[in-house]
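I'd like to ask some things about the structure below.
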Amino acid sequence: MTTAATDDGFVVFDRVQKSYDGETLVVKDLNLSIGKGEFLTMLGPSGSGKTTCLMMLAGFETATNGEIRLDGRNINMVPPHKRGIGMVFQNYALFPHMTVGENLSFPLEVRGMGRSEREAKIARALDMVQMGAFANRRPAQLSGGQQQRIALARALVFDPALVLMDEPLGALDKQLREHMQFEIKRLHESLGITVVYVTHDQGEALTMSDRVAVFNDGRIQQLAPPDELYERPQNSFVAQFIGENNKLPGTIEEIHEGRALVRLANGELIDATPVNIQARGQQTLVSIRPERVEFKPEMMPPGAHTIDAEVLEVIYMGDILRARLRVAGSDDFVMKMRNTLGQTRLSGGTRIRIGWHPQDARALDPM
Amino acid sequence: MTDAAAPLSTADGRPLKAALAASQTRARRRALALVAPLFLFVLITFVVPIGQMLFQSVYNPTFADAAPALRQWFDDNPPGAAIDESAFAALAADLKQMRAERTAGAAGTRINYDVAGTRSLFTAAARRADSLEPPYREAILDLDAGWGDPLLWRAMRSASSPITADFYLAALDLTRDQTGAIVQVDEKQRVYKLLFGRTLMLSALITFTCLLLAFPIAHLLATLPLAKSNLLMILVLLPFWTSLLVRTTSWIVLLQQQGVINNALVALGIVGADGRIQMIYNQMGTIIAMTHILLPFMVLPLYSVMRPIPPSYVRAARSLGATSWTAFRRIYLPQTLPGIGAGALLVFILAVGYYITPALVGGADGQLISNLIAFHMQKSLNWSLAAALAGLLLGGVLILYWLYDKLVGIDNLKLG
Amino acid sequence: MALPAYASPLEKLWHYTYLVICALIFLFLISPILIIMPLSFNAEPYFTFTEKMMALDPEGYSLRWYDSLLTFGMQAPDAPRDAAWWGDFWRNAQWMQVTKNSIIIGFFSTLLATVLGTLAALGLSRPEMPFRRAIMAVLISPMIVPIIITATGLFFFYSKTGLANSYPGIILAHATLGIPFVIITVTATLVGFDQSLSRAAASLGANPRTTFFKVIMPLILPGVISGALFAFVTSFDEVVVVLFVADHSQQTIPRQMWNGIREQISPAILAVATILVVISIALLTTVELLRRRSDRLRGISAR
C-alpha cells in the first residue's frame, strides 16, 4: 500500500486524504491506479470510506490532501460538471419532472448538441438497456428495475469514458439484482468503458469486477482480482470479510521457506502458509475456508498435520452438507462437504481427524 | 504509512483543521451571500425600526431642550439641594425662552406625564414670563403657589436629562416620590399592571379554549383516511386564509344584540325580547372571536404531530389489556405532548400581542395591552410611554419566542 | 374511526358524542364565514335574517349593498350607467381606489418578499450555512412580534426617513411581514428536496446555473408560489401598519373596512367580506392543488 501510485493509470488517486471534521481521517493515504477499460469495485462495510472516495472522484467532495488524476490531468480543482464522468446514483436521482426521454436529453442539451443527434443518441441508449418504448413515461410510472435501467442509460448517453456507480443495485430484490449485474457487466464489456463500482455486497464485487479494492477504516486492505482475493487474502480483515472462514488462534512454532508450523491453544500443531507473519513466537490467526477442510486421509497431502475434531451437528443444505465441529477448544469450526453420491454421512458425536493442504491454511495477523 | 504519525496535519504541514476550514470557507460564503440580501432587508425594515422605538422609550429630550438653564442648575446641584433663588432664576430664564420659542406646551406636557395637572402651570407662566422680575422666587410663586411643589421639581430634575427610565416606571405603574425613591402610583391610577395582567389571563384562557376545541378535531383529522381528512381540513384552512377583518365582522354580525344568535334565541323563546345577551363589545366578544381566529394555529401543529403516530401503539396497548380510555391516556396522549406544547406556545404568543380583534369587538373591558399602545400612539400622543409599553411587551414575546425555538424549533413551524 | 363490534355501550355512547362534538367545533369554525354570505344580499339594512329571507322570498334579497360598493365616493352615482359612469367609477369610487392600492401594494411587496425569501431559503437549506438557527430566528420574527410593535417602530423610523405616507414605505413594511411565510413554505419544500438530483445534474455536465433553473426551480416552484400567495394574503389583509404609516391616498381594502366597522357598520361591509371570502376560497384551492402537485413530485424522489 505504501508504494506510490503509478502514473500510467487512467484514474489515479495519489496520496489522497479526506477529513470532514479536521480531527479524524475518513480516507487515509489512498493510492490507487485504475487502468483504462477496467471494472474496479470498491468493497467495504459502511463507514469504510469507499463512498467518500467515489464522491471525491465525482467531484462532490474535495480531497483534504493529495491529488486525483483523470487521464493524466489533475482534476482536484475541476468542478463536477466539467469532469465528464457518468454516474449512477444509489436512488437513481432521475429528475421527477421530466420524462425518460427528457432525462436522457438533459446531458446532451447542456453540451449544446443538435436535436437530431440527440434523438439518435437517446434512442440508442434506451435500446441498449431495452427500454426503447418508455421514452415518454415519467420516472414515477416505472418500476424500480426500470428506473435503474434508465439511470444507467442516462449515465452512458453522453459517452463518458468513466462511469461511477454508487451501490446502484441496493434497492432491488435479489433476482432482479443478479440479472442487472449481468446486464451491467455486458455493457461494460461491449462499450469498453472504465467503471468504478461501489458496493457492500461481496457477491456482487466478486462476480462483476476485474479487480476489487477492499476498504476498511479508510484504507485499502487489499487490491486484487476476485479469485486472488478469495483464495489468498492478505490479512485477517479481508479473510473474514470475503466469504466464510474458520479462524484458529495460535503461536508460530517454526517458520521457513514459506511454511509455518502453528501451535494452537490446546497444544496441537498444524501446518500453514505464513502471509503477514514473520517470526517465531508471534501470535497468529490461521484462516481456512470451510470447503478446503478434509477429513478423509486420502484427500490430504502426505505428511500433513491433522488434528482431532468432534462433530457437533450436520446441517443438510441441498448442494452441500455443513458440519459444525469442535476443534482445538472452539465450537464454531465449519466444514463443508459436497453432497455427492459416495459422500460419507457424518452425524453428531462422531470423532474424526481433519486436515488440509498447507497452502489453504493462511497464518495471518491476529487483528 | 506516512500519515499515521501526524494525522492532524496535511502533507505540506498545514494543520488539517485549517486546511479544512479553508476548503469550507467558500461554500459558507456562498450560502451567506444568498441569505445576506434578505437579512439586510429585514435588518433595515424591521430590526432598526424596533431598535429606534426602544430608544424612544428611554430617550425624551423635549424638556431638556426647552429648559437649558434648569438643566444646568440640576447638573450643578445634587438631588436634595434646596430649591433657592438661583433655581427660580434658572426657571425664569427658561420660561422666557419657552415663550420666545413656543415650547412651553411641549415642556409642560412632558412634566405632566409625571405630575398630573402641571401642564397649565407652564403655559400660564410662560405667557407672563416677560413680566418676571427678581427676586424670581417670590415672583414665580406669586404666579402660582404650585411652583413650590417639591414633586414638581423632582419631576423637572428627572426630565432635564434626555435619557430616562421614567417611562418604563410609568408603564409598570411606578413613579418616584420627592426623594427620588421608586414607589407605586395611587391605586386609582394603576392601569398598566392591570392591563398586563388581563392580557396574560385572557391569552391563557384563549389558549386553553383553543386547545380544548382543537384536540378533538385534530385527533379526528389524524385518524380518518387521508382523502376524508383532507376534505375536512378545508374547514380548518378556510378560516386561516380568510381576512381577519372579515372574521371579526362575522362575529359582530353573529353576536351583537340585534344579531343572528340573539335573534335566534329570542325566536326560540330561550330569552325574552328584552333579555338579549350582551356577547360583544366586552371580554366575551374578545374571547370568542380570538379563539375562532387562533384555532387553526392550534389544530395544525397538533395534526402534524398526531398524523404520524401509528395506530399500532394503541392497538398494542389494547392487546396488552388496557381499556380504550387507559390506552388513550397512557399511550396516545403522551405522544401528542410536543404538538400540544407547540400549538399552545404559538397561540399564546400570537394572543398576547393581538390588536385588531380586541379593538373592534372588545368594548371597554376586552382591551389588551396592544390597544393601550395604540391609544398612546394615536390619541394621548405620549409616544415614549407607548414605546416603553411596547418594549415590555416585546421583551415578554421574545422570551416566549426563545422558549418556542428551544422546545419546538423554528424550523418545525408549518403552515397547512 | 369505525367502531368495533365488541365496543361496550358506554364506548358507543362516547364515540357518537365525540363525533357530535367534532361536528359542532367544525360548525364553530366555518359558520361565521358562511353566515355573512346570505346576509350580504339582505334587502334591509339589518345584520340578521329578515322574515322574508327566512321564507326564501326573492323580495327579501337584493344586490343593493353590492351596488353601494360601486357608487360610494362617485361624483355622479345616479347618472346613467354608460362609459362616463364607469370612468367616474374607475377614478372616484372609494372601493375602487382602495382596491387599486391593495393590489399595487400587494403585488410589489409579494414580489420583493418572494424573490428575497426564496434566495434566503436556498441559502438556509445548505448544510454549510453558518449561524443557521439564529438567522432563521431573525427572519421569522416579523411573524411573531406583535404587529402593533412593528407598526410603532415603523412609525418612528419612517417619520425620520421620509418614508411615511408613501407607497414604498408600505410596500417595504408589507414585504417584511410576508417574508416569514415565504421562508417557511420554501424551506419546507427544500427539506423534501433530494440533493442527489442536483448532484446528478452536475455529473451530467450541467453548470450550477443550468442546474438551478432546469432541475431545482421546477421542483420547488409549487412551494415558492404557495409562499408568494401567503405573502400576498398577508399584505392584502394588513391594516395596522397602514393605520400607522399611511395617509389618505394609500388606503387599502382592510383600512376602508376598518373605517366601516368602527364608524357605522353597514351591510355593505358584508358585501366586501363576501367578496374577500370568495377570493380566499380561490387562493386556498390554488395552494391545495400546488401542495398536491408538490407531494406528487416528492413522492417519486422518495422511492
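Letters A, B and C name the chains as they come in the text, with residue numbers starting at 1 for each one.
Keep in mind that, in the parts below, a residue touches a chain if its C-beta (ideal position, glycine included) is under 8 Å from a C-beta of that chain, and two chains touch if they have at least 3 such contacts.
None of the values given here were measured: they were computed from a predicted structure.
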item: Pair joined by more contacting C-beta pairs (A-B or B-C); value: B-C
item: Longest centre-to-centre distance from chain C, chain (CA-based); value: A
item: Gap in Å, rounded to a whole number, between the CA centres of chain C and chain A; value: 57
item: Interchain centroid distance [CA atoms averaged], chain A/chain B, Å; value: 64
item: Euclidean distance of C-alpha centroids - chain B vs chain C, Å; value: 24
item: Parts of chain B lying in touch with chain A, wherever the complex brings them together; value: 1-4, 7-8, 10-11, 15-17, 19-21, 23
item: Contacting residues of chain A [partner chain B, same complex]; value: 1-2, 15, 17, 19-25, 28-29, 62, 64-66
item: Interface residues, chain A side, partner chain C - complex; value: 58-60, 79-87, 89-91, 93-97, 106-107, 110-111, 138-140, 144, 147, 154-155, 158, 164
item: Chain C - residues contacting chain B, complex; value: 1, 11, 18-19, 21-22, 25-26, 28-33, 35-36, 39, 46-49, 112, 116-117, 119-120, 122-124, 126, 128-130, 133, 135-142, 144-150, 152-158, 160, 172-173, 175-176, 179, 181, 184-185, 187-188, 230, 233, 236-237, 239-240, 244, 254, 257-258, 261-262, 265, 269-270, 273, 276-277, 280-281, 283-284, 287-288, 291
item: Interface residues, chain C side, partner chain A - complex; value: 194, 196-197, 199-208, 210-211, 214-215, 218-219, 296-301, 303
